[in-house]
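Heads up, the next two complexes both have chain A, just with different partners, chain B and then chain C.
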Partner chain A sequence: MAIRAGVARLSIGVMFAVVVYLLPVVLVHSPYVLFALTLTLCYAIPAMALNLLLGYTGLVSLGHMGFAGIGAYVTAVLMKNGIAPFAPAIIAGTIVAGLVGVLVGIPCLRLRSHFFIIVTLAVGLILYLLFNNLDWLTGGAAGLPGIPRPGPINLGFAIIDPRRPLGFYFLAATIFLLVFIVQYALIYSDFGRSLAAIRQDETLAGSRGVDVFGHKLTIFALSAAIAGLGGGLQVEFLRAAAPQSYGFLENINLVLIVIVGGAGSLFGPTLGALLFIALPEMLRVADTYRMVLFGAALLALALFAPRGLWGLAVSGVRKLRGHHSALTHAGHP
Partner chain B sequence: MGVTLTAFIEQVANGTMMGAIYVLVALGLVLIFGVMEVLNFAHGVIFAAGGYVCEVFFVHVIGSYPIAVVLTMLTLAIFGVALERAVFRRLRVNMPMQIVASLGLILMAENAAVLIFGPSALQLTVPSVRSLVRIGDLSFTIQHFVVIAVCVVAIAALQIFLQYTRLGTALRATSQNAEAARVIGIDADRIYQLTFATGCALAALGGALIGPLFLIFPQMGDLPLLKGLTAIVLGGMGSIPGAIIGGFAIGIIEAVSTLFIPTDYRDMVVFALLIAILLVRPWGLFGVRVRGDV
Partner chain C sequence: MPAILEVDNVTKSFGGVRAVDGASFRLAAPGIYGLIGPNGAGKTTLFDVICGRQSADTGNVRLAEQRIDQLRVHRRARLGLARTFQECRVLEAETCLDNVLFAAQDKHLGSEMMQATSRRTGARRTESEEAARLLDLVNLRHLAAEPAGNLSFGQRRLLEIVSSIIARPRLLLLDEPASGINPTLLNTLHDFLLRIFAERQIVVLIVEHNMEFIMSLASHILVMHQGRVLEQGPPAAIQKSQRVIDAYLG
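Entry: the complex of A and B
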């Protein structure tokens, strides 16, 4: 059974990867859709990072775009000033975001849940204010424009040029799938199971020998690092860093992506990113009327889909199946 | 640093005024959190709604500012009851979905305000803003003192209500132990509605009081909400005296800090202070230490 489930999971994963890589082939005639999809991938990475905390460990962080911002600005500053090429720059961004995650995590993770939520909110706001005001480093409110795209990558059998939209899509898709694999591997590891234990009952997990604080700190730092990676990728794609991308509303938006998509599910954050990044981008939701309707839709969702859209879909499928098996059961007594 | 005493006193006065506004927001947040364990992120919207509703009453319905303020509080209290019934009662145990619902409310309200009142900010000119009071070299509008005085009255009224009335006692009982309160015959659902009504009325009061001093615009509640949240965490999450002292402290500290560091970093001082204090006292200034706190 376990092997069959593993094979099933693996094949779903491979199918998912194939779909992600082949999407632009189908949509090759629409550069706009390609743009929206690439941006979605850039946001899905911090969303998966937050999902590790929010969905799997039960820690609500309202400041996670701040860590994405650290990754973004580190990558941007290194690339813009020609200090480092793409790969070392984005890795540096990832590491710095992770280190800041450790620094923030050590004091904050000792707090009880509601205190923790508000403190992460405060951390996010502090980071935003730093991005906005450290003019000599971050360009202040005007941001950092004109960041160079990564150069061509030679794979031997093909050359990917991220300076072209399709090339960047493949780069983003590769990083996205890597993070997806990391997310998957973490969740099904012993470490991930310990996180689940902490989410369900911290005291019980602690008394069963789980180092609660150590686990929380590790996952918080890891999550901050992955968010930083996503931020670095996003800033490379948009070729500009702006403090508003990491403000209060963006922080809430990331939490929404995860919760509405379905916290605690592998595909939830990606679904949420599609919904919150690609859809508004394509529908131009910025229109005031539509924003009112969008708000109403969120409210309805909160009331009627308490486990997010992915949860709704899963329970819907289960219901259908349950219905189906009940029928067959009745048919063959 | 040539900080004169006059400048210092001026900033303390400004800070006390802003602090009073933060206290009004924080009191609503702390009541709702204390009784229902709900963090109402839509509280900033209620605050802004206070400003708008007050403008409507004052300009279009009745020419008297005090009556307009009272009507605003009543309107938003009723709205609070509806909000509790329709939304937050169902989400009491689901913290993440409270955030989603709050953001839905924020988006609806902020964009609806643009649709109804237009994209530009409203100005609410009441008599108490135009008349100045001079104290030595300093001058303040009467509205400054109105804000502080009304806030003090509101705090006192709330305290009397909670301590000396049957309903207030029932509210405190529910916040201490909802189960036990139900056992002795307190209708918890009614208490939740009362809590939301009171909280919303206080936030609306804040918006109606600050409206004449600054402008009325859809996002006017964002910063008071963040400061209010900071205040209740600082005060210990559930402590009413903590929220009051936290609110005033934040107002005064951020105002005085502008004398020493650039104004751009004013908000950062407050948030950094919150983290610093929680490092020393993880349960807040007036909170109760629970088992498991470091």
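Entry: the complex of A and C
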């Protein structure tokens, strides 16, 4: 039984990976769609990071794009000045974002839930102000343009060139799938079960031997690091770092991506990113109307699908299946 | 004989009220101990001090010779102290089996991270047999795959106690386990606790108001009054003690 479930899970995972890698082959004649999909992957990574906190641990962070910004600016500065090539630069961005996560987490995670939310909002705003005003390092409001793309990667059987759209898509897809695997491994582990216990009842988790603060700090740092990785990838893709990408609206946007997609589900953040990044890009919905539309959509979701679109889809499939089996049972008494 | 639980001269005040006022006792031999007393005697506060929900103003608490009164709650749990809550706490979104397995798992961050990378589930499989057996003893086995949120209050209480026991504690503290449970489940609970005690030979300390329940279950009763331990002894002696009768009626 357990083995069959494992095989089913593995095959879903492999199918998902195949779909992610093959999408551009289908869409080879529409470079704009490829652009939108690559950008979606770049946003799906911080969304998965936030989902680890918001969906699985029950910690709402309203400043998470700030950590993506740290990863982005560290990667950008190292690459632009030729200090480090792509891989060490983006790893440095990931680590620095994680370390800042630890520094922010130590005082903030001792606060009770709503105070924690307010403080994360402040952290996001402070990081934005730093990106916007440390002109000597971040280029200030003008940002850092002209960041070089990673050089060609020789896989032996093929050469991936991230300077071309298709090459970068494969690079982004690989990093995205790695983060997806990390998310999966964390959630379906003893650690993930402790996080779920913290989300449901901190007092109970503590009395069962869970170091609530230690666990929260660990997942907060991991989440900040993953967000940093996504930021590094995004800045490499867009070839420019701008403070507006990590401002207040972007922070709210990321929370919306996770909640609308389905907080606490593996595929929810990706679905949300597709909806919030790719769809507006492709449909060219005007920026001014976007927030109004999303406001209405969010209200509808809160009323009809409290577990997000992914949750809605899952319960829909279950209902259909239940209906189906009820019918077959009726047919064979 | 070294004590499993030793409470030494503990005081705890809230504002001007001394809820616990120099309480001392030691529990050395394995057994089921009852902690009773009239309302306001300080039972719950003392219980909270032992578990770490409240910190004592003075005095100390030792678990198997080790001072625990300065330790955080999860450290006490890892040293072998398990408790249940008066309001009854279970993980409502998880199944009954997962509730018990979660209680059984090693919750040190390091071992959890090792488990996340190695994906080893061997320990979980060994524990699931024991979990199924314990659930069977309280007639919850058929509900093992059911989310705990769907259980009745009494069933949740049984689940909470099973979860507390699977981690093999040295000391099990139960906060009013009989409250809000119907007589049938109360009998199940009674028999389960006797059975588990016979198997494990640990120290079980029960705060309880239901006299019939605690007097038939415990081998030893401690009576608290005005923040101190007034009397202790076997149930028969306690029921005859004039001091105890005065405390309850006075």
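The criterion applied here is as follows: the second predicted complex is superposed on the first by the 324 of 333 C-alpha atoms of A that agree within 3 Å, B and C clash if a C-alpha of one lies under 4 Å from a C-alpha of the other, contacts with A are read in each partner's own complex, and residues count from 1 in each chain.
Methods note: contacts are C-beta pairs under 8 Å (C-beta built on N, C-alpha and C of every residue); 3 or more make two chains touch, one makes a residue touch a chain.
Predicted model, so just to flag it, every value in this text is computed and none were measured.
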_Taking the superposition on A as described, I'd like to know which of chain B and chain C A:Leu129 touches: first, second, both or neither._
first
*Regarding the shared-chain residue A:Leu111, is it in contact with chain B (first), chain C (second), both, or neither?*
first
*Given the touch rule stated above, what does A:Gly268 touch, chain B (first), chain C (second), both, or neither?*
neither
*State whether A:Val292 touches chain B only (first), chain C only (second), both chains, or neither.*
first
*Who does A:Gly63 touch here: chain B (first), chain C (second), both, or neither?*
neither
*Between chain B (first) and chain C (second), which does A:Thr203 come into contact with in this model arrangement: first, second, both, or neither?*
both
*Hey, is it chain B or chain C that touches more of chain A?*
B
*After superposition on the shared chain, which partner residues are touched by A:Pro162: those of chain B (first), chain C (second), both, or neither?*
neither
*asked:* Quick one: is A:Leu301 in contact with chain B, with chain C, with both, or with neither? Answer first, second, both or neither.
replied: first
*Touched partner set for A:Gly232, first chain B, second chain C, both or neither*: neither
*Kindly list the residues of chain A that each of chain B and chain C touches, one partner per complex.*
203
*asked:* Taking the touch rule as given, give the residues of chain A at its contact with chain C in the complex, in rising order.
replied: 185-186, 189-194, 196-197, 200-201, 203-204, 206-212, 214-215, 218
*Over in the complex, which chain A residues touch chain B? Could you list them?*
54, 60, 62, 107-108, 110-115, 117-119, 121-123, 125-126, 129-130, 132-133, 202-203, 248, 252-253, 255-256, 259-260, 263, 288-289, 291-292, 294-303, 306
*How about chain C: which of its residues touch chain A in the complex?*
51, 53, 72-74, 77-78, 82-83, 85, 89-94, 98, 102-103, 105-107, 109, 111-113, 115-117, 119, 163, 167
*What part of chain B is in contact with chain A in the complex they form?*
33, 39, 41, 87, 90-91, 94-101, 103-112, 114-115, 222, 226, 229-230, 233, 237, 262, 264-265, 267-268, 271-272, 274-275, 278-279, 282-284, 290, 292-294
